[in-house]
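Chain naming follows the written order as A, B, C, D and E, and within any one chain the residues start at number 1.
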Amino acid sequence: MRQFFRGKIGKIVLATGLVFAAIALCVWLGSRQRLLPQHYVQLTLDGMRGGSIYALMALGFVVVYRVTGVINFAQGEFVMLGAMLCLTIHKLPLPLPPALKLIVAIIAAIVLATLIGAAVERLTIHPARRSPPVTLTIITVGVTITLRAGALLAWGADPYVLPAFSTLALEDHIFRFGSVILQAQTLWIWGTLIVVLVLLYFFLEHTIMGKALRACAVNQRGAQLVGINPGRMSMLSFALAAALGAIGGIVLGPVTRPIYDMGLMLGLKGFVAAIMGGLVSVPGAVVGGLLLGVTENLAAGVTNPTYKSVFAFVILIAILLFRPQGILGGTGQATEEVK
Amino acid sequence: MKALWARRNLVNVIAFTVVLAALGAVDIFRPFGLSFSALTGRVVTLDTMIRIGILTIVVVGLNLLMGYAGQVSLGQAGFYALGAYFSGILSTLATRHTILPGITGLWWWPWLMIVVSMILTGGFAYLVGKPILRLKGNYLAMATLGLGVIIHILAGQFPDITGGYDGLTGVPRLSIGSFTLWPMQRYYFLVWGAAIAVIVISLSLVDSRIGRALRAVHTSEVAAEASGVDAEQYKVQALVLSAIFASLAGSLYAHFQGAVSPSPFSFRASVELVVMAAVGGLASTWGAPFGVGLIYVVRDLLKSQLERLLNVRSGEYELIVYGIILVSIMIFMPEGLTASSVQFMQGRRRRHGNIEPQRVQSNGTVEDLGQ
Amino acid sequence: NSGTSQETGQGVTYKIGFNSSATGASASLGLPEAKTAEMIQKQINDQGGITGPDGVKHDVKIVIYDDESVADNAVSNVTRLIQEDEAVAVVSTTGSGTTIAHIPVCEENETPCISMASAQPITVNADTGETYRWMFKTPQTNGHAGEWQAAYLKATGVSSVCILYTDDGYGKDCLANFKATAEAAGLEIVYEGAYATSDTEFSAQIAQVQASGCQAVEVGSTPPVASLATVAVHTALPEIPITLGHGVCNQAFIDTAGAAANGTVFPCGKITVLDQVADSDPQKTVLQKYIDDYTAFTNGEPISTFGGHAWDAVEMTLNALESLNDGMSLEEQRTAVRDYLENQIQGWPGIGGVFTMSPADHNGLTKESLLFVTVEDGRWVAFPESEW
Amino acid sequence: MLKLEQVNAYYGRVQALRDISLEVSEGEIVAVIGPNGAGKSTLMNTISGIVSARSGQITFAGVPIAGCRPEQIVRLGLSQVPERRQVFSTMSVADNLVLGAYHRYRHEHKETIAQDMDFVFEIFPRLKDRIKQMAGTLSGGEQQMLALGRAWMAKPKLLLMDEPSLGLAPLLVKEILRVSGELRNQGMTILLVEQNARAALDLADRAYVMESGEVVLAGSAEQLTADARVQTAYLGRKPVSN
Amino acid sequence: MPPILEVKNLRKEFGGLMAVFDVSFDVQPGEIVAIIGPNGAGKTTIFNLLSGVLPPTRGDIRFDGQSLIGLKPHVITGLGLARTFQSVQLFGNMTVMENVMVGCHQQATYGLIDAAFRLPHARREEHHIRERALAQLAHVGLESHAEEPALSLPFGRQRLLEIARALATVPHLLLLDEAGSGLNHSEKAELEQLIRVIRAGGVTVLLVEHDIPFVMSLADHIIVLDYGQKIAEGTPDQVQADERVIAAYLGQEA
């Protein structure tokens, strides 16, 4: 019996069983809350929206971790910078038609955030590149503190607004399917996630540059010996992560109200999503993000939403215990190899 | 060799104790009207010293876990919180809930509850540690992160028990018989007494069979197992011990503040504890008090001096500068305060020393041991 | 530490401790508070200090700290202010939890502390029900807000209500007070749901609101999440009435909630709706002056109620200090300030309302300190009981 | 092609190379032999830029390379089979090999690179069987093959091999010695460190003997094979006293 | 005499790959036995299975009559089976001495509490451990390096240190994985001598090695693997003459 569940088919049976059990539990709890089918649809849709943002965040973590072995705590701050820079540029009195103005603001914000990301790497990570990853990780904590306080100084403690992409106004276009609601911005978010995922996956897994980035984290000495410049790769990874963060912040901007400390919780959840995906896998990060978003929202919906974040972290621990290598993982990251 | 080591530790501990006792005595006897904070140019206050002492206890434990056993914890504030809340809740049972009404006047009840808190927290760490410590490296960090955040959130939830978001008030002062360990000048001795005890325990441990086993697990779990070390057991022991230390610190904190609320136990606090450990120097027991101290002193300096220097409101600037200082410390002292200053001094003395150790990575393996 | 007056008529410098959460989770509240304190410092300096009844002039120094919205820091800062900086009185701090943490420090050191947070347990010992000796607070309580909300809902014929609130000190206090007043008014609370300040979607709560079938929704949050929650409720249930607490009485709410804010109702401190306040109102001149001063000082930053709480606290303290003769010891000064606050703040028009303190009431405000408003076309409009 | 003059290198305060002067001409195979800890690997690492020389000149194909970073030196056409292999352990065998040709991707066709990969698989069919396996889970010898293959993929002008036969089965040792000769015939220059002194001297044109950081003997392979000291210490002609 | 180690139908699969395919062999006490075979034949995998680092897919391992299946590595070490690693696995954050002292871990019994409070019985045991460790270092000739960081030793010495650490566990059976690789001729001769001394001390030795002359002169008994399967077994002379072994491993002129 135990043997069976260790085997491949056994595992699939077990997993399917668990999923069905979870769904059954969900429906049972939901019925106690008197939820109707459309509510489940709504919860799932909204969970996927939140999850998409977690996924974008998680991708940023993955990119930096894969290359440098560093957990970049500053990832959340790049999200904040993306949103803040974008809305600030958008508010400038540029003589442009509104749509173009928004596009200009978006591009400029991404470029700026990317440059900031690269500068952060040059100024803080590069000088300490010979130090162990723990030290570098702590450096990113310092960077986080400085960036957030700088944002508070620059933008104050009040929330701002970024117009929805479809309407170019605060009020977004809303699609209604019966009582199920879908905001146009949600489609933008999903679209962005798909485009980013495809591009990033192609870049990291199928170009020599992507492999070189990966090689740096695996064995820096080895990387140098085949002609890779780890310093440049490290800068590239931070710049890329900053860009990803900024993109996330910008598409999220219209559905939230950007504020100087928005990076904090988003960063944490994005991190959780990245871990759920195995910390090095691009598709894993996306699945992790979506799964986190949907399950936490469903769990909150059928029980008590007060504990939404608790659910998120319980899911994290459960996944770590049962699949430490991440949902899609199989890389054996969590085990040591002996020769 | 061995005897020398032990003696050096003893000398350090005595020197450390004497200096701290002298500092504390200054504030009690106030020779020439001199107070502790006057000694430090009003930068470091006694309040700060006590907080440093309390967090030193947590960080010594974290150091054992991270620096020696190599198991990162991003949720240590959770154990710290458990200590504070257990102590807070249990020692106010009578006043808040009229459970065990007789205990209100008993001086030993809070002390007993400190021990109970340590046992409860240690037990909890054991229960969660068993499965979680099968995970390696960052995965453990993540799991502890989750735990820490969950504890933090739950601490704000049940107003009847935890006091909810506003927290629990009325935690009594500690006393021995009729001798109350308050005002602060007295509490200072209690806290630092506990901190030094914890340091001594940690020093002894590190230099023992257990300490070696932990360090071995850190570098190569397989090789440690092959040498007869039960890696899992020692990792759990390290986690439990660090949790017990954190719990003790939490209890001392609760009786110091007189109130416990969730805000000091957030994820941010856990990260800050790791920062303190790293600033002091991982795998160095003495790193703990100095790491915690440095962080506090920097912050207090900024608080009291920045306004004067830049003529700005502290707030944001304080944090900006703090972040920059933190980054600089880690760039210039990547192995932390203690290791870096030791290297600095040895660089002077040891002109013709032996071979310098190779660059050892955080996990203790040489950088290029990639098979 | 007694100072002696000199021939020039210049007495000791009074220090007022000031601690707020200028950064961290409560920064949007604490930052305007800190700025208000700076502004008052500048005004005093410009005036050349304050003068006591004996004609002796005193410089006043407001020592300003930031506690980063963390209880530990609040305790440290207040301890430092009392013991190191030797402040006569301390104004601290932005949050309820953070204030409650430093109550023992104020009480043990016998120093008057005025909080800018609203929770009941700040001035009243929750266990004994007694008013603390040294603790005061200036904001209107959520209890006052709750009275307005309950009365309104009752008047409009609502019988069952859902409460959505933030999982933080403010939200929890809203919940507690609203629940108490609403139930007292005979309303049925059919659903309570919390969310985090960082949440961006509320489908779980909305689904449960829909399932519970309540007739009105009360939102107890501050922006930005208050705006998001309001938008979410409005989008899913466009017809349902929404009441909010006085935490949304700042421009940020209207700016960030957009059209969803229209038609929402809530009580507000008069500062945010000055144009709705009658000229005869005793607060009118004070409010006008504060708004003008603050706008000038910060180069046009939006005013907020929270800055007003700081203003009340510091100005009260200044009034108390002005009543002191020179030559008192620090302990005497502290006691005198405390006594003044407790007994002499009578019918005192401030930003938060007209204060009348007493030994049993260290807040001194009533429901009338708030004004009931609604939002029309992105503007606040007074919504007196007669129009309900 | 490669020339070292008076090179000194240190680990901290310990001197690992003392006034090393050495030359490798184009098309040669030069061997370096010496006991454990003699500094052979340090020499290799100094040439490839991993350890920086404190003083002295290193020129490669006329370019001074002392002080250059390893990745710059690789681009000049110098590639190393490092001690301890340094494979990318969590990447597949194929990715490891592809990365060997990293600096060639800019100006060479993918097809040529693919052909070189076929060459590696021809020599080491085992690697082809394991093409998707992660390098870290390969057996020790398989990893050594991978390290060799990766270095070949760089198509260097000068190949540095640090103990290429380490952990390889006897048949394969022969094979890589044969391949080394073949590569030399195709115009590659090789600098080789080997514990298996006999095989090294059989293959090499010239050789150096290092002891405690210094070159103590140099000469043609025949000269050294005939040298009495070399015979006792490295070739085991006389039984070793104990 | 009963064999000290009995391996029966041992199998290990990695995914679809049979790294070890139904291998059986015995080791008699006091013998020096060598396992040889081409790269990737499964030699290290067998060591990993014996020492409990990897669980076998099927098969049985009996050590001193007791089955090792399902036991954790440290338990197996405690039973008296020690090993070294093909890629040296030293504790880089410790001195040479401390590395060996870790090997003595199970020679002491004092626990966390005893250590924390430096109880007398802990001190006594600690003293004992030091002496033992020093003796082991002397055994392999590293006593003069006792206080140096382990990784500053040259590679060859690191192998010796690993052997000392393994010996410190007081094994009955010692597994050496390519202990001679990276050593030059004279160093190999010293190693050979050391192994003989170890055996003379009553320890059975099982080793993996690619250096044919070294193996042939040292081993009493040789097992040859190819593609995970045992293809030959016997005395050095028998094995050297085996056709399959020559084809798969030794090559014609060896």
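What we mean here is this: a residue touches a chain if its C-beta (ideal position, glycine included) is under 8 Å from a C-beta of that chain, and two chains touch if they have at least 3 such contacts.
Everything numeric here is computed off the predicted structure, so don't read it as measured data.
Touching chain B and chain C at once are the following chains: A. Chains that touch both chain A and chain E: B, D. Farthest from chain E in terms of Cα centroid separation is C.
Taking each chain's centre as the mean of its C-alpha atoms, chain B lies 41 Å from chain E.
One simple way to say how far apart two chains are is to compare their mean CA positions; for chain D and chain E this gives 29 Å. Centroids built from CA atoms put chain D at 49 Å from chain B. Averaged Cα coordinates give chain C a centre that lies 74 Å from the centre of chain D. Contact with two or more other chains is made by residues 153, 220, 222, 315-316, 318-319, 354-356, 358, 368-371 of chain B. Contact of a single residue of chain C with at least two other chains is seen at positions 23, 31, 167. Annotation for chain A: residues touching 2 or more other chains are 149, 152, 218-219, 221-222, 264, 306, 309, 337-339. Only residues 23-25, 27-31, 167, 193-208, 210-212, 223-224, 227-228, 235-236, 250, 252, 255-256, 258-259, 301-302 of chain C touch chain A when the two sit together in their complex. Residues 1-2, 201, 204-205, 208-213, 215-216, 218-220, 222-231, 237, 241, 283, 354-358, 360, 364-366, 369, 371 of chain B are the ones touching chain E in the complex. Contacts from chain C toward chain B in the complex involve residues 22-23, 31, 34-35, 38, 64-66, 68-72, 75-77, 79-80, 83-84, 96-98, 100-101, 103-104, 108, 119, 121, 125-127, 167-169, 172-173.
Those residues of chain B whose C-beta lies close enough to touch chain A in the complex are 72, 131-132, 134-139, 142-143, 145-147, 149-150, 153-154, 157, 220-222, 267-268, 271, 274-275, 278-279, 282, 315-320, 322-327, 330-331, 334-335, 359, 361-363, 367-368, 370-371.
Across the complex, chain B is touched by residues 71, 73, 124, 127-128, 130-136, 138-139, 141-150, 152-153, 218-222, 264, 268, 271-272, 275, 279, 306-307, 309-310, 313-314, 316-317, 320-321, 324, 334-339 of chain A.
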